[in-house]
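Here is the structure we will look at, set down as structure tokens.
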Amino acid sequence: MAIELRGIDKRFGAVHANKHIDLKVARQSIHGIVGENGAGKSTLMSILYGFYEADDGDIFVGGQKVSIRSSNDAIAHGIGMVHQHFMLVDNFTVIENVMLGAEGAALLQAGREKVRKDLKHLSETYGLTVDPDAIVSELSVGLQQRVEILKALYRGADILILDEPTGVLTPEEADNLFKILRQLRDQGKTILLITHKLREIMAVTDEVSVMRRGAMVATLQTADTNPSEIAEQMVGRRVLLEVDKGEAKPGEAALEVRNLTVTDKFGVDRVKNVSFDVRRGEIVGIAGVSGNGQSELLEAVSGIVPPSAGSVVINGKTLSRTGDPAEARHLGMGHVPEDRLRMGLVKSFEENENAVLGYHDHDDIGGKFVLDVDAVRDHAKAHIEKYDIRPPNCRLKTANFSGGNQQKIVIAREMEQDPDVLLVGQPTRGVDIGAIEFIHKQLIAMRDAGKAVLLVSVELDEIFGLSDRILVMCGGEIVGERMPQDTDENEIGLMMAGIDGAANQGQAVEAAQ
Amino acid sequence: DDINPAIVYDVGGRFDESFNQSAYTGAERFSEETGIEYADFEIQNDAQRAQALRNFARRGLNPIIAIGFLHATAVETVAAEFPDTQFAIVDSVVDLPNVRSILFKEHEGSYLVGILAAMASETGTVGFVGGMDIPLISAFQCGYAQGAVSADEDVEVVWAMTGTTPAAWNDPVRGGEITQSHISSGADVVFHAAGGTGIGVLQAAADAGVLGIGVDSNQNGLHPGSVLTSMLKRVDVAVYDYFSDAMETGGDVEDGIVVLGLAEGAVGWADDDNNAALISDEMRVAVDEAAQAIASGEVVVHDYRSDSTCPIE
Amino acid sequence: MSRGELPRWVDFGLIPLLNLAAAFLVAGLVVIAVGENPLEAVELMLFGAFGYGEGLGFTLYYATNFIFTGLAVAVAFHAGLFNIGGEGQAYVAGLGVALVCLFMDTLVPWWITAPFAIMAGAAFGAFWAFVPGYLQAKRGSHIVITTIMFNFIAAALMTYMLVNVFRQPGSMAPESRTFEEGGRIPRIDWFFDWFGMNLGGAQTNISLFLALIMAFLVWVLVWRTRLGYRMRTLGQNPTAAVYAGMRPPRLIMIAMAISGGLAGMMAINEIMGVHGRLILEFAGGAGFVGIAVALMGRAHPIGIVLAALLFGALYQGGAELAFSMPSITRDMIIAIQGLVILFAGALEGLFRPAIVGFFNALYDRRKVREASAAAGQAAE
Amino acid sequence: MESFQSFILLLDSTVRLSMPLLFAALAGLYSERSGIFDIGLEGKMLAAAFAAAAIGAVTGNVWLGLGAAILVSVLLALVHGFACITARGNQIVSGVAINFLAAGLTALIGHAYFQRGGRTPGLDDEARFTPITWLGAESLQDVPIIGPIYFDLISGHNLLVYIGFLAVPVTWFVVFRTRFGLRLRAVGENPAAVDTAGISVTLMRYQAVIICGMLCGLAGAYLSTAQSASFVPNMSAGKGFIALAALIFAKWKPVPVLYACLLFGFLEALGIVLQGRDLPLIGEVPVQIVQALPYILTVVLLAGFIGRADPPKAGGVPYVKER
């Protein structure tokens, strides 16, 4: 056994995040851990890494009982961790980040050279290549994650924990990561992999443990199980993974985007002269490797960032170029943002206060100045009821809801305003299967109710499952348009990667005219 | 029958080695000689000025003397509230039947130290550092300049005020810097009328090996040999006399404006063994003559406060 | 109440009291160090602050200032802004109040002057806070530092005005002329008479009620208006604020202006109520005390009023102390303030963990009891 | 020549006046780089000034005075540290508290002990840092140009001044070239990263505030035992805040801090020279404007030319793992 946990128990104030957890991880294996949002995966791993201290329970490394009171101890026992939320110093170079805490000497010079050498070595052995002198904040998330892995390896970890590493990766990047993980395992390292994506579990793990509501419910040999069994264990009931939906009956265009260009503060065009339509009663999916302008596109269309050129027309009315989400909403656009915690919610608010975020100036919840809290709470209660948000308490702090339920709060809010145009970004990122199923159903329902839905997702199966039309974005441009029935994941994948995308340039525009 | 007098100091506090301390000395002397206890208080903010006076008055303390012109408004209010209590204020005029307003002819004392400064100076340049920029301090400066010129008509007087708020009474560092700039422009005697700021003035003068002149109390002892003399403003006399009057008259002192000058021996220059070596006989003669002339009225020192101008630029 | 959460009475009652106790414990040690009897001191203080009409009057007079400055800090807090410029804002507001009074006092009765003076004071204070708000919103400069800078700039400005503009010919004190009746708001002797107390010389005036009204309005603003909702959103998550179509720059400026306006109203108490003229440094540190008041009061108006009362008592009781205990100078009061701010403000979380632990223990015990009870029933 | 001489003297006075700012600003640099904001520089400076003057007056020994200053200042820094790091209190508030505490206690104790209304007795030379005249300064004094520069500007300052100037390159090296510096900068930007790297955030921050305390100690000692010869209540008179301004003005970088402090020192010196002076053409400059200039300038520059001065990202927020 590389790792054995016995009776690990952890509470965060009100939340009982880990309930008497037992776990065995064999040496030289890739061990997956799955579970719904808030099941306690990150917490368990953070305890193993000494980031949190368990209230109770024992940790054994290589059969020896060890006490891990700080990350330092964990590192000393050869444990390394790539956190769900990266632990990097943004304004440091890659080298500085890697050497932090393992500088070697009191002066930095010597350490720098060593790191440079080792990084070169590591990149050769595992193909983990990054520019050692790049400033981390200027690297893509994929590369930042690489830096995290390098940090662990540089410290000579032979037990590597990765907490939802693929959440931020494109399929290609993910596959590449798995290659690396297999290599690492074959070279004798033990890997703990947390993820929500059963596809990945099946793809790389040797064993998989399932957590539910803070408890460890099962540990299975990946070889002799299947996704639905795991899913069942996770949510405690059977779920259907593929979306079933009827024919789309597109009407006239409700959202018209014309020659939209978005320039970031460094003067770089993140979205280049993009044009397309979304018609009533259809779901248009935008596929693309994250960081290819989808986020910027969404933000521009929803009025959060002013475009540098082009226009957005909602229900025939043109959005003023100054960028005002309030205006967009008033023209009938709803927006489920990509990053609910950063943008879509105020975690410290009561649930009901979040239920009106963005619609706080509507006439039905108060007068010109006053806000009618009772009206607000009634709205919230209605949402909770209809969308089965748990726990069903609109006075609870939003932070105390798990990821999936937080996402439901946002979705409920945006859908219940009955918008004509709905922008949806990564609706199921970090959301558990039960919630995914529910959210997909709702999106289809919107479509069938004659709404125009624009879906941005890095999950190809999601794109294929939901979209009636697929636009592929690469390098800030729409490199092509496909109907889901006459294409497949490979072609889209290639287009996303920009390979032979050129051929299809401008199709979208034509389609629009 | 005994009186129970009270004294309210200004922000500088009872031990400012200057103005308030001089008042403190007077009060101490009084209680030593008569054995009569007195109450006192150092105010901490403007709201307390009236509060303190009122507090004393209510406790039946009488007479009550307020040190410093900043008390004027408070005395005005409280004296009106307690017509049977005797009040006095130093350095300002409050026109009420039960208030004695005590003013000093600082310009006369300053005139004398001006003479000494001019005579002691070898560079022919003397300096003045004022505290807060108010007519009172301009009177010091103007009297000093007149005295200096009277002793040496082509003496140059360089001067500066520390500031325009009460903070200017309490900024030795600034005082030191000003003094250094005076010295660098040739002054080898520097007179301060700047309360706590003056500590820095005298220090800087001593450090630079030139002469300083103290004010209010006798400050010769702060840097023996480096303080030419001190312009004495005998607030102690004023306080002592006021309390004594009150005792003799059984708390029924005569009020109105009292102006104390050389003639009353309420201003003058400090002459002790700390500065004995610095004062030549010739200087002593000159300054004594001037003192008599002023006391007898044959020489009149212009008071800046009378018309806000000074005969000397 | 679930595990790990504290009942409100603990959160808003017990903990602040514990902090306070700690502060006074240390203060007591200091008192002993200077050779006085702390218990006696406390007694004198309490008596001085509450024991008789005038004392209570002064306590309320100081409290009035602290309510205004405390509310000012709190409003900015809720919008995620740290306004430590209350001092300067109040100081500059004095200018506005004084100007109105100087113009109107001879012409009209006070109750006509007052509304204008209040508006002028609020406006000047608002402006003095708006500028840092603007600089933060549009120019990205650091609000804490700008407000600090503005305190000093205000001091210079006011000195200049008092010395070169308002000072009376002949008068040596840099202060404006004293207002006539039309420029002074009435004391509240009648109010004290109700309780059979005598206000004595304390200048407690109707601005106290203004302060209480403002406290209520602030509550409404923060928790019952759209603007308040916006400010809180901005304060808790600026990105979400943008997403929600709010305009942070504008909200920042509005919040700061309101904050400054509240601080500014303190000038009504000092200028129209107490001094009847514009004087140097009348704000006297109240702007800074407001920070502690807002913190102790958990940025909630009720808490703020209570905290303000405490600090008012500290000021007044402290002054009394200085009268009757010679070796305890005015500086003792400043030191005690420091201690209170430290324990009640910065060390506010000192005892929390222990208390939370205690309540968790209680909670678990109850759970167990319930469980066994349930089991017992099951058995029958 | 005349004007040149007076200009040199202005610069000379600038050096003297910027020293306390420099020490305090560097102190703030360590603290704030570690993520602990410190508006209590003022108070620490004041307390240190008192300690130096009081102990100096009692023992007549400048070094004991300096030691006491550093000790007291570090103690206050530890109070701040405890409040902000261990108790996770509000850093601004803690700073305000420290300022009140120092202002009150110094005067209180000073009064109780020396009976001079909070003042300490004047110090004689053994208890002060006195000017050091450099080799051949006198002889060169009368050489035009270089003479005054060497004699007035370079030579003839007290030891602390030279230490102050030395502290700048040292700080630069420590912050950007050493392991400690790397961790210091990291802990101010992203403490979680430091924590997961196996370094104690708490320890790092305590080290930082202690260094901050030491430097404030020097600043205070300079005020009361080098720049003047006794302690006066509230003698720091807002210098701690100007230092803070200088620090932000310099974007938390050592060398720019030096320039900022010299600039503000220069303005103060200028203010003193211009006090009540009539300038050709302009006439009398209201001194308040000159006095307010450092603050106005900071505001203007912060707002306009140097745009956003980004503080360390984790600055001002206590490091909390468990919500």
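When the chains are written out, they are named A, B, C and D in that same order, and each has its own residue count from 1.
Note that contacts are C-beta pairs under 8 Å (C-beta built on N, C-alpha and C of every residue); 3 or more make two chains touch, one makes a residue touch a chain.
Just so we're clear, the structure is a prediction, and the values are computed from it rather than from any experiment.
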item: Centroid-based (C-alpha) most distant chain relative to subunit A; value: B
item: Euclidean distance of C-alpha centroids - subunit A vs subunit D, Å; value: 47
item: CA centroid of subunit C to CA centroid of subunit D, Å; value: 30
item: Centroid distance [mean C-alpha coordinates] between subunit D and subunit B, Å; value: 35
item: Where subunit B and subunit C are represented by their mean Cα positions, the distance between them in whole Å; value: 40
item: Per-residue multi-chain contacts in subunit A, two or more chains; value: 12-13
item: Contacts with 2+ other chains: residues of subunit B; value: 42, 133, 164
item: Multi-partner residues of subunit C (at least 2 other chains); value: 159, 163, 329, 333
item: Every chain pair meeting the contact rule; value: A-C, A-D, B-C, B-D, C-D
item: Residue ranges of subunit C touching subunit A (in the complex, touch as defined); value: 2-5, 220, 223-230, 232-233, 236-237, 239-240, 242-246, 356
item: Subunit C partner contacts - residues on subunit D that touch it in the complex; value: 37, 39, 79, 82-84, 87-94, 96-109, 111-112, 118, 233, 238, 241, 244-245, 248, 286, 288-289, 291-292, 295-296, 298-299, 302-304, 307-309, 311
item: Residue numbers on subunit B that touch subunit D, as the complex places them; value: 12-17, 20, 42, 133, 160-164, 167, 170-174, 176-178, 180-181, 184-185, 196, 199-200, 203, 207, 222-223
item: Subunit C partner contacts - residues on subunit B that touch it in the complex; value: 41-48, 50-52, 54-55, 58, 69-70, 72-73, 78, 81, 91-92, 133-136, 164-166
item: Contact footprint of subunit C on subunit A as seen in their complex; value: 11-16, 302-304, 324-329, 335, 337, 342-349, 353, 357-358, 360-361, 366, 369-371, 373
